[in-house]
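Multiple structures are listed underneath, in C-alpha cells.
Two complexes follow with chain A in common, the first pairing it with chain B and the second with chain C.
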Partner chain A sequence: MIIEIGHFSVVVAWVLTLLGIGSSIAALRSRNADWVRVGRIAVTLTFVLLFVGMATLVYAFLMRDFSVLYVANNSNSKLPFFYTVAAVWGGHEGSLLLWAFILSSFSTLAVWLHWRTQPTIMPYLIAVESAVMLGFLSLIVFLSSPFARLVPTPLDGKDLNPLLQDPAMVMHPPMLYMGYVGFSIPFSFAMAALFSGRLGEEWIKVTQRWTIFAWLCLTTGILLGGYWAYYELGWGGYWGWDPVENASFMPWLVGTAYLHSVLVQEKRKMFKVWNLLLIIVTFSLSLIGTFLVRSGVLTSVHTFATDPERGLYILIFITTIIGTAFGALIIQSKKLKSQIEMDSFISRESVFLFNNLFFLVAAATVFLGTLYPLMVETLQGGKVTVGPPYYNAVFMPIALGLLFLMGIGPYIPWRKASASNLKKNFLVPLIAGLVTVVLLLVSGIHSLYALAGGFVVGFSGSAIFLDFGKISKLYANREHVNLFKGFLKAFSANQRRYSSLVTHIGVLILVIGIIASTIYQTEKVVSMKVGDTFSIADYEMKLLNIHEVEGKNWTAQEGVFEVTQDNEVITKLRPQKRVYTASQSPTTESAIHAINMGHIFLTMPDVSADGVAVARGVINPLILWVWGGGGIMGLGVLLNIFRPRRREE
Partner chain B sequence: MSRGLQFSLVIGLLALFALFYQGLWGDPRSIPTVLIGTTAPTFTGPDVESGQTISLDQYKGKVVLLNFWASWCYECKVEHKDILRLHQQFKDHPNFVMLGINYQDELPDAKKYLKTYGSTFQHVRDIKGSLAIDYGVYGVPETFVIDQQGVIRHKWVGPIVGQVYTNLTENVITPLLNNTPPST
Partner chain C sequence: MWSTGKKTSLILSILLVAGALGYLALGNFGENLVYFVTPSEVRAFSAEQAQKKIRVAGMVVKKSIKTQADPVGLTFELTDGEATIPVVFQGIPPDLFKEGQGAVAEGHWRSDKIFHSKMIMAKHSEDYMPIEMKRAGVELPKKDFMKTLSP
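Now for the complex of A and B:
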C-alpha cells in the first residue's frame, strides 16, 4: 500500500511540473505576478511529493518488501542496514528518482532564496527547472518506475550488486547528481538571461555560489568514484578513463572553465557569449553524461542493462533541452557583442582565456576519446577501444599547462602587465620551479613528466605561498599583530580570493599524488602457497595462512600476509576473496597499509582448490596526497561558499 | 557569434545526436572477430567427461556451435540453462553439432561443474589455452558458429540469454541449417 502512495505522489508531481511550466508561461504573457506564485507553489509541492516518493521507497527497502520489483532486484534480507538505504540508488530506476529529487530540492531552494531579489527571473527559472524536471519525471512515470510490483512475491531479493556495497559508493552517486543538478541552477539563470534579454552580469553574480557548490559536489563525486575504484575494484588504480568516468569528468572540465571565466565577466564585462556557451555546454554534458550512462551506448565497467527504448526517450529529451538552449544562444548572440577589447596579450584576461581554451581542449580530448569507438562503429562498423595511453599522452601536457597558468593567473594584473611587475611576481617562482627540477634530478628522478610536473608545482606553489606571505606581512604590519594573525586577517578580508588559492594548493598536492602514484607505481603478481614469500620494492610479503571468514551476507577466503621491511615486521595484511551469498558474485577485497604517505596494496584474486593463491601487490607512493589534495580543494571551496557576504556583492 | 560559428554549432549538434541515435541500436558488447568469414582453426582435444579425443574435423559438413566456458566463470553459469535449451532445440537436426570448450580449467572442477549444472553435449578440454588463442578468445563465455563449409560465421562475447539467444537461434543458426545466408 505504502509504495502505491509513493507512485501516486510521483504521478501528481509530474502533473505539477506541467503546471509549473504552464503558470510561468502565463506569468510571462499576462505579466501577472499571481501566476509566478502558482509556479512557486507547483515547484515546492513537487519537492514535497518527491520527498514522499523517496521516503516510501526507502521504507520499502527497510521493510524488505520484496513485492516491489525494484527492492527485490536491488536488495536482500541479509543486506546490512547502511547499504539497504543506499540500495535505493543502486539501480537505474531509483537513481533516476534520486536525480529528480535532488533537482526538485535545488529548484525549490533557488526559487525561495532568490524570490525577493530576482522577481523578473523567477518565471524563467521556474519554467526551465520544471522543463528539465518534466523530462526526468516522464521517464520515471512512463518507462522506469521504481514502484512497480512483482507478482508473485519472491521469498528473498537478488541483493545489491556487491561492488556497490562500499561506503564510498553510497555517497558517490548522490554527490555526482548534486553536481550535475547543481549546474542546472546557473543554467536556468543563463537561460532566463537569454530569453529575457537581460544579458548583464547579474545572473553570474547571483549564481556564483551555486556554481562553486555544484563544482564542489561534482569534484567530491568524482573523487569518491576514484576512491571506490581504488579500494573496491582491486586493480590498485583510481582512474581508468572508463567512458562513465569520462562522462562525469567532461562537465567537470567545462564547469571548471566556466567557474574561472565568469570572473572575467564580473570584473571586466568581457566573455559574455563565452560564459553563456560554457554554462550551456556544462549542463548539456551533465545531461549527455546521464544519457551515456543510462542508455548503454558505450561499453564500460558500469554495464547497466541496455534498453533502446529508454535510451531513445532520454535522447529526445536531452536533444530538446540542449537544442533549445543553443537555439536561444544563437538567436541572442547578436545582442551580446563585448564592447571591451582585450588591452594586452600579457594580462590576466588573456591568462583566463588560455585557461578556458586549455580546459575546453581537455574536455574535447576526453569527449573525442569517449565517443570515438561509437563513431568508428557507426561509420565503419568496426570496433575499437580507446585506452589510457591515448588519454595520458594527450591529457598530461594540457594538465601541466593548466597548472602553470594557475601560478600566473592570480598574480598578473588585469589589462596589461608591465615588465617590472612580471619580474616582481614571477622571478622567485621561476627560480623555485627550476630548483625543484634540480632537486628531483639529484634525487634520481628522470621521468620527463615528473620533472615537468615538478617544475609547474614548484612554480605555482611558490607563487601562492609568496602571495600568502606578502599579504600576511602587510596586514601584520598594518594592524601591529604577529604574522599568523596577520594571515588570518588578510584571509578573512579577502576570503573569496584566498579560499580559491587554498583550492589551488589542494590541486597541486593532488597532482603530486597523481604523478608519483602513476609513474612510480610498482606492481607484482605471483602465485604462492602458505609459507612462501615474495618481495616487491623493498618489502617482503609472507603468506602465513589462508582461512575462511564470514560476514553478514558473504563468505570469504582470507589470506594473512606478514609484511616486513629489512627483517622488521611492519604489518599484517588480510586481503579477501569474497563471495556474496545471494548473488554468488565474487569480489576481491583489497588490504591496504599506509606507509610514508603511500600505500602497500594487496589483493588475492584467486585461491585454487590445492591451496595455490594468486597474490597481487602494488606499491603506490604518495597516493594519500591524492585524497589529501582533494580534501584541501574541498576545504577551499567551503571557505569560499561560506564567506561572509560583503557590500559589493 | 559569427554565421560560420552558428552554422557549425548547429551541424555539430545534429551530428552528435545522430551519432547517439545510431548508437542506441548497437550493442557495445558485440565484438566482431577478424576471424569471421575465415576457415575455423581445426583442433583435437580430450573430452572432459570421457577423456576420448574429439576433433573438429569429424564434424565437417555440419553447422557447429562452439561455446567457450570455465567452471570459475560466473557468466557461464548465467547462460548455462539457455545453452542447454539451445541444444535441446536443435539437437535433432542432423546437421547440427554443439561443442563446449572448457577453457583454462582444472579437470575436477570442470567435471564437477558439468555434474552440478547438467550437460547434454560434448565438451573439449583446452588444456593449454592454445585453442582459445587460435579463436581469439579473451574472456569466457564466448560463442562461435561455424557453417557447413567450416567457415566462422558468428561470434558472441558474453552469455547467450534473452535477446541474444533469440538472435542467435533465429537469425544465425536456423538460416544456416536451412542453407540460407544468416542475416547478421
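Now for the complex of A and C:
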C-alpha cells in the first residue's frame, strides 16, 4: 500500500511540472505576478511529492518488501542495513528517482532563495527547471518506474550487486548527481538571461556559488568513484578511462572551463557568448552523461539493462533541451557583442583564453574517444574501443599546460603586462621550477613526465606560496600582528581569490600524487602456498595462513600476509576472496597499508582447491597525495562558498 | 583597443596552439582504436590483420579453463557457437570470469594460432550473453546457444 502512495505522488508531481511550465508561460504573457506564485507552489509541491516518493521507496527497502520489483532486484534479506539504504540508488529506476529528487530540491531552493532579488527571472527559472524535470519524471512514470509490484512475491531478493556494497558507493551516485543537477541552476539562469534579453553579468554573479557548489559535488563524486575503483575493483588503479568515468569527466572539464571564464566576464565584460555557450555545453554534457550511463548504449561496469526504447526517449529529450538552448543562443548572440576588446596578448584575459582552449580540447578528446565507438557502430556496424594509452598520451601535455597556466593566471595583470611586471612576478617561480627539476634529477628521477611535472608544480606552487607570503607580511605589518594572523586577515579580506588558490594548491598536490603513483607504481603477481614469500620493491610478503571468515551476507577465504622490510615486521595484511551468499558472486577484497604517503596494496584474487593462492602486490608511492589533494581542493571550494558576503556582491 | 597586428598575432597563436592540441588529439587516434571481433572472424584473419591489437568477444567454453602458476595466468577457449579459439592469458582474470559465461579478451592473434591476451573483461549478464556478441551479430536463440556450450 505504502509504495502505491509513492507511485501516486510521483504521478501527481509529473502533472505539477506541467502546471509549473504552464503557469510560467501564463505569467510571462499576462505579466500577472499571481501566475509566478502558482509556479512557485507547483515547484515546491513537486519537491514535497518527490520526497514522499523517495521516502516510500526507502521504506520499502528498509522493510525488505520484496513484492516491489525494484526492491527484489536490488536487495536481499541478509543485506546489511547501511547498504539497504544505498540500494535505493543501486539500480536504474531508483537512481533516476534520486536524480529527479535532487533536481527538485535544488530548483525549490533556488526559487525561494532568489525570489525577492530576482523577480523578473523567476518565471523563466521555473519554466526551465520544470521542463528538465518533466523529462526525467516522464521517464520514471512511463518507462522505468521503481514502484512496480512483482507478482508472485519472491521469498527473497536477488541482492544488491556486491561491488556496490561499499561505503564509497553509498555516496558516489548522490554526489555525482548533485554535481550534474547543480549545473542546472546556472543553466536555467543563463536560459532566463537569453529568453528575457537581460544579458548583463547579473546571471553569472547570482549563480556563482551554485556553480562552484555543483563543481564541488561533481569533483567529489568523481574522486569517490576513483577511490571506490581503487580498493574495491582490486586492480590497484583509480582511473581507467572507462566510458562511464568519461561521461562524468566531460561535464567536469567544460564546467571547470566555465567557472574560470566567467571571471573574465565579471571583471572585463568579455566572453559573453562564450560563457553562455560553456554553461549550455556543461549542462548538456551532464544530461548526456546521464544518458550514456542510463540508456545502456555503453558497455561498462556501471550500465544496467539495455532498453532501446528508453535510450531513444532520453535521446529525444536531451536533443530538445540542447536544441532549444542553442537556438536561443544563436538568436540572441548578435546582442551579445563585447563592448571591450582585448588589449594585449600578454594579459590575464589571454591566459584565461588558453585555459579554456586547453580544457575544451581535453573535453573534445574524451568526447571523441567515448562516442566514436558509438558512431562507428551505428554507421558501419563494427564495434571498436579507444584504449587508455590514447587518453594518457593526449592528457599528459594538456594537464601540464594547464598547471603551468595556473601559476601565471592569478599573477599576470588584466589588460597588459609590462616586462618589469613579468620579471617581478615570474622570475622566482621560474627559478623554483628549474631547481625542482635539478633536485629530481639528482635524486635519480629521469622520467620526462615526472621532470616536466616537477617543473610546473615547482613553478605554480612557488608562485602561489610567494603570494601568500607577501600578502601575509603586508597585513601583519599594517595591522601590527604576527605573520599567521596577518595571513588570516589577508585571507578573509579577499577570501574568494585566496580560497581559489587553496583549491589550486590541492590540484598541484593531486597531480604530484597522480604522477608518482602512475609512473612509479610497481606490481607483482605470484602464485604461492602457505609459508611462501614473495618480494616487491623492498618489501617481503609472507603468506602465514589462509582461513575462512564469515560476514553477514558473505563467506570468504582470508589470507594473512606478514609484510616485512629489512627483516622488520611492518604489518599484517588480510586480503579476502569473498563469495556473496545470495547471488553467489565472488569479489576480491583488497588489503591496504599506508606507508610514507603511499600504499602497500595486496589482493588475493584466487585460491585453488589444493591451497595455491594467487597474490597481487602493488606499491603505489604517494597515492595519499591524490586523495589528500582532492580534500584540499574541496576545502578551498567550501571556503569560497562560505565566504563573507561583500558589499559589491 | 586593438591594432590589426596584435589581433593577427593573437589569432595566429590561438590557431597554433589549437592546431598542436588538435594534432595531439587526432594524430594517433587511429592507432589507438581496438576492434571487437568474434572467434569466427579471428579464424578468418589474414596475416596483416593479425598484427593489430583486438578484442575478442565470446563465451568461455565449459571445462576449458586451466590455470598456470608461472607466470600467473590461465588458458581457456573462447567460442561464438561457430568457431572456437584457444586463449593464453597472463594476469588475473576479473571476479566474474567463469566457464560458460561471456567474456571479452584483449590481445593479439599470433602465428601460433593462439590468442595471447593480458586483459580480460567479464560481465554480469542476465542471459549470459555479452552485449558485444549481440552486436557482433551473434543472435542465436538462447537455448540453442547454451547447447553448443555444454560438453
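Please note the rule applied: the second predicted complex is superposed on the first by the 648 of 649 C-alpha atoms of A that agree within 3 Å, B and C clash if a C-alpha of one lies under 4 Å from a C-alpha of the other, contacts with A are read in each partner's own complex, and residues count from 1 in each chain.
Keep in mind that, in the parts below, contacts are C-beta pairs under 8 Å (C-beta built on N, C-alpha and C of every residue); 3 or more make two chains touch, one makes a residue touch a chain.
These figures come from a predicted structure and were not determined experimentally.
Colleague: Once both complexes are superposed via chain A, do chain B and chain C end up clashing or fitting?
Modeller: Overlaying the two structures gives a clash between chain B and chain C.
Colleague: Report for A:A609: first if it touches chain B alone, second if chain C alone, otherwise both or neither.
Modeller: first
Colleague: Name the contact category of A:F326: first (chain B only), second (chain C only), both, or neither.
Modeller: In the superposition, A:F326 contacts chain B only.
Colleague: Look at A:I398 in the shared chain and tell me whether it touches chain B only, chain C only, both, or neither; answer first, second, both or neither.
Modeller: second
Colleague: Tell me which partner A:S585 touches in the superposition: chain B (first), chain C (second), both or neither.
Modeller: both
Colleague: Check whether A:F345 is in contact with chain B, with chain C, with both or with neither, and answer first, second, both or neither.
Modeller: second
Colleague: So, does A:L353 touch the first partner chain B, the second partner chain C, both, or neither?
Modeller: After superposition on chain A, A:L353 lies in contact with chain C alone.
Colleague: What is the contact status of A:T378 with respect to chain B (first) and chain C (second): first, second, both, or neither?
Modeller: first
Colleague: On the A-aligned overlay, A:V273 touches which partner chain: chain B = first, chain C = second, or both, or neither?
Modeller: In the superposition, A:V273 contacts chain B only.
Colleague: Output the chain A positions appearing in both contact lists, the one against chain B and the one against chain C.
Modeller: 299, 306, 377, 382-383, 585-586, 606, 608.
Colleague: If we count contacts the way the header does, which residues on chain B are in touch with chain A in the complex?
Modeller: Contact set of chain B toward chain A: 1, 6, 9-10, 13, 17, 19-29, 31-32, 72, 74, 77, 106, 108-109.
Colleague: State the interface residues of chain C toward chain A in the complex, per the touch definition above.
Modeller: Going by the criterion above, the answer is residues 1-2, 6, 9-10, 13-14, 17-18, 21-22, 24-26, 28-29, 32-36, 53, 55, 57, 67, 69-72, 91-93, 95-96, 123-124, 126, 130-132, 135-136.
Colleague: Across the complex, what residues on chain A touch chain C?
Modeller: Its residues touching chain C are 161, 299, 305-306, 341-345, 350, 353-354, 357-358, 361, 364-365, 368, 372, 377, 382-387, 389-390, 393-394, 397-398, 525-527, 585-588, 603, 605-606, 608, 612, 614, 616.
Colleague: Can you list the residues on chain A that touch chain B in the complex?
Modeller: 273, 288, 291, 295-299, 303, 306, 308, 311-312, 315, 319, 322-323, 326, 329-330, 333-334, 336, 371, 373-375, 377-378, 381-383, 584-586, 606, 608-609
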